[in-house]
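Before I ask anything, let me first share the structure, which is written out below as structure tokens.
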Amino acid sequence: MRREPIRVAIIGAGIIGASISRVLSMFEDFEVILVEKEADVGWGVSKANTGIIHAGYDDEPELYPLRAKLCVRGNEIWRKWADELDIPVRWCGSLALAFNEDEVNILKTLLSRGLRNGVSGLKIVEAEDIKALEPNASRDAVAALWAPTAGQISPWDAVIALVENSVANGVKLYLSTEVKGIRIKDGKILGLETNRGFLRADWVINASGIYADKIAEMVGIRGYRIRPRKGEYIIFDKEAEPKVTRVLFPTPTPISKGVVVTTTVDGNLMIGPSAEDLNEDLREERSNTKSGLDYVWASASKLVDRLPSKSMIIRFFAGLRPEPTGGDFIVRGYDEVYGFIDAAGMRSPGLTAAPAVAHMVSEILRSLIDRELKRKDSWNPYRKRMIRFSELTHSERSALISKDPRYGRIVCVDEMVTEMEVIEAIKRGATTIDGIKFRTRACMGKCQGSSCMHKIALILSRELGIPLWRVSVKGPGTEIGIGDIKVLFEEGDQCGRCRET
Amino acid sequence: MREMQRDLTIIGGGPAGLAAAIKAWKLGIESITLIDESERLGGVLPQCIHTGFGLHYFGEDLTGPEFAARLIGRLKETDVEVLGGAYAAEINVKPDSFKEVYGYRYGEAFKIKSKAIIYAAGCRERTRFEAGILGERPSGVYTAGEAQTLMDIYGILPGKEIVIVGSGDVGLIMARRFALEGAKVKGVIEIMPYPGGLIRNIVQCLEDFGIPLYLSHAVAEVKGSRRVESVKVMKVDGNLKPIGPGFEIKCDAVILAVGLRPRIELLARAGALIDDATGGPIVNDWLETSIPGVFAAGNVLVVNDLVDYAAEQGERAAESAFKLISEGDLTRSGAKPLIRGRNVRLIVPQLVSCLQDVVFYGRVSAPEENVAIRFEEIGKIFRLPAVRPPEMFRVKVPASDLLRLRCEKLTVNVMRLEA
Amino acid sequence: MMPPAEGQNTREITCIICPLGCTLRVLLKGEGVIKVEGNRCQRGIIYAQGEVKPRRTLITVVKVYGGELPVVSVKTSKPIPKDLIPEAMKVISRVSVKAPVKAGDVIVENLLGLGTDVIATRDVKAV
């Protein structure tokens, strides 16, 4: 006999929410809705992130037991997930560099901690071995902690892949849907109040990143706060040399892993993040500052013999990390509110831990509802990534163009992105310029979109059937125009002040 | 893959590429293919709807679209093959001295094997990141060319309260475009102590509309988390370092006109040497890059301020390509480097053979009045009432003068003359 | 310069003829130029005379329907008085034309009764 499915609402389609939705989509027992306030997935903490899959030696198991356990486990699961979901990842290993005896001692502590946490392959290497592993590592480094299991992933590709796979397995995605309240009756969850109406749910999983404490407050949970910690980054042109082949860390301090030098999976050298604790109500503060970028530059310079010229910088950006009270991840249910589970405080190594967090949430849910879960026979673990024209050989590209002529039309010159890829991205759910950008890399090259943004906007306008000026960069309020060219002459225009001379 | 064999391939269908194609055909090069990224020829001209084009080249003051149409009209009278919407992905120089261009367009991949290439891919705009504008990264920040495309090709208005960064001609012209369409242009911010554009444009684009010009000021920060809400403007000192507390200007669009960069990526990947001063390839007096048989013209060679110069360079490159194709080689031996001397920021060409007349295009570093451009080792002087960084100088040195060069270099100085 | 006499006034304008950009101080009586100072050559005087009642070629776009593009670039066939530009823009903003448009087509005839036409500067094909 078929049991009534349990309706689970996951708040937040970032790396945590998307991982949870994928895991829950495996079971017959759940009907999952994934609710996201932005116009696309992964646009919060997940997007502006270093993208490192950490080995797992950083986190002290006594102080941060969840971080310590879930990081190492997450690292293992990512190998399988990246494979199943066709997520670009590079298992390049990491080097934490020490420049003096004190730092070498810290590395020794980390080595033994890593071994306790179950990290494999860890060892301390001497100066000449560092150079063999990473020719551009600073010649001043006296030793390094080599962690061969560390990797580099594209965090937004990962979120997109997880959501696509979830949706293919029955999860319903609600974008541009902001949770305003959680309806509870007699201590039992009824559903979500959103800007787009009420969404019924039996269970709510809070994966809302930087806003997790605000969501928890909606059900009366006030046990923790989330404090935004801002990290600024600098990204170089793909052609900038020298790059690094490993992830380079400094010796960490008790509060931070420090500024990293790494090469993204797409081949851009990236340095960052800084770490600036912000006031609790600055949860949209992502500005780049001189002090932040100078700090990133100075710190990164110490890790390598040479950084590329500053003229090769193509972008800087900043992201927020959610620092929870107590410092450890908050993954738990509550006796006070039956039906609410937190997956909150996902500061570093949140990205690494995400798959393990998802399994843990699934297990908490199973134990709280107290029933054996039944796997879907039809569950599909696989998802294929979009074709990247630029990554193919001439003859492969030629063959592709023969299949569909639109592969021959290049819309983003710097990144060699074709019209067909843009159309494919739209088919897969992109509705904005940034949605296209994160799916295809259009606008991510030297010109940062100044020569191709309008071409993408034209395709979006045509495919979505909206006027060109209404095409947005990242959802409502970010449209590329305010109307047609003569809009300020229209009668009844409210903007008379703009025409004063 | 469609494979073609040509005498000449021209990459880029803007003014330089078009002028090159027409000239090459007139000279008698038989098989020519011109490829351009856009379906419409003309490069950036169709979006430059203002006048000021063609005074030298056509002896008439034309708008950008009219200038383009004239060239396209002339091209149509030739047998030059045009591949529109075509993207050049790679230039491959073969040991047999043939050059291959791999590319793609709607419905086909192609490979063109040719004896010579004229590379005229133009330039791109510098971004806020390259200009070091900090703060948040909301929507509503456009480059001037991007705004121009949206407004004057696709008919949409990007914003109604505008701040323009950079007082080069593009910035000034966009200030006027926004003002004409009813937007409030709140100011043009220029980091240098002097305007970056022509005086004519200062008068007719800003003064005519009462738009304030803030010289020695920089946009330090962009504010607004989703859409631009304001910019923070700071005064700068003589070293361009921000001073003082600064002030905010509210706006819903920021238009960046902070300079142009030659689009050299394809050339550089093929091995061409690049000049740090121009950002374009190093060329000899044939306008030939360090890859024999690959010529450069227009804004990819040097960012010109007159379309006429771009077209002139296109013609010059065509003459060189013709000579190479018809005679099998060019005289390159004994090329001497140009040395940038006092108050010379850049000069093109960077190498001279001293066997033919050479047109030099240059730019100064600082404004000066009553000066002479002096080619030191041959004692050649060109007097000018004034030089300004935004306005290129163009001088033609005859072969008879260049023949006098006995040194291994030719130094160019801007000398101050006694009043 | 002498202080302006009865019925005279002065105006400061920037000469745009060459890169020197001289600041011209123009002494006017009515619309007549009495004297120009600050010019470093004779061309400044001619320029100052022309700028007493400045005229500009107006450049903008006009909406197009049924075309490959939604606007066509236009210019006035002759320069028009600078003061009338806002008025001219209002008139032009209300105009839209049906594609095809050919460069040289008259889009607005006799703009504001000035004897000047607004003409297209590019082609827009019909679709």
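For reference, chains read A, B and C in written order, and residue numbers begin at 1 within each chain.
Following the convention adopted for this analysis, a residue touches a chain if its C-beta (ideal position, glycine included) is under 8 Å from a C-beta of that chain, and two chains touch if they have at least 3 such contacts.
Worth saying up front: this structure is predicted, and the values here are computed from it rather than measured.
Centroid distances from chain B, each centroid being the mean of CA atoms, peak for A.
Chain-level centrality, scored on Cα centres against the all-protein Cα centre, points to B. Separation between the centroids of chain A and chain C, computed from CA atoms only, is 53 Å. A straight line joining the Cα centres of chain A and chain B is 39 Å long. Mean C-alpha position of chain B lies 27 Å from that of chain C. Touching two or more other chains at once are residues 151-152, 154-155, 181-182 of chain B.
Contact with two or more other chains is made by residues 484-486, 489, 501 of chain A.
Counting only residues that touch two or more partner chains, chain C has 61, 63, 70-71, 89, 93. Of all residues in chain B, only 1, 37, 85, 87, 89-90, 102, 104-109, 111, 124-125, 127-130, 134-140, 142-143, 145-146, 149-152, 154-161, 181-184, 209-210, 221, 223, 225-227, 252, 265, 268 touch chain A in the complex they form. Of all residues in chain C, only 61, 63, 70-71, 86, 89-90, 93-94 touch chain A in the complex they form. Of all residues in chain A, those touching chain C in their complex are 484-486, 489, 501. By the touch criterion stated above, chain A contacts chain B in their complex at residues 239, 284-290, 293, 311, 313-317, 394-395, 397-398, 401, 405-410, 413-414, 416, 418, 446-448, 450-451, 453-454, 458, 467-469, 472-475, 477-489, 495, 497-501. Residue ranges of chain C in contact with chain B, taken from their complex: 13-16, 18-21, 54, 56-61, 63, 69-71, 73, 75, 82, 85, 89, 93, 103, 121-123.
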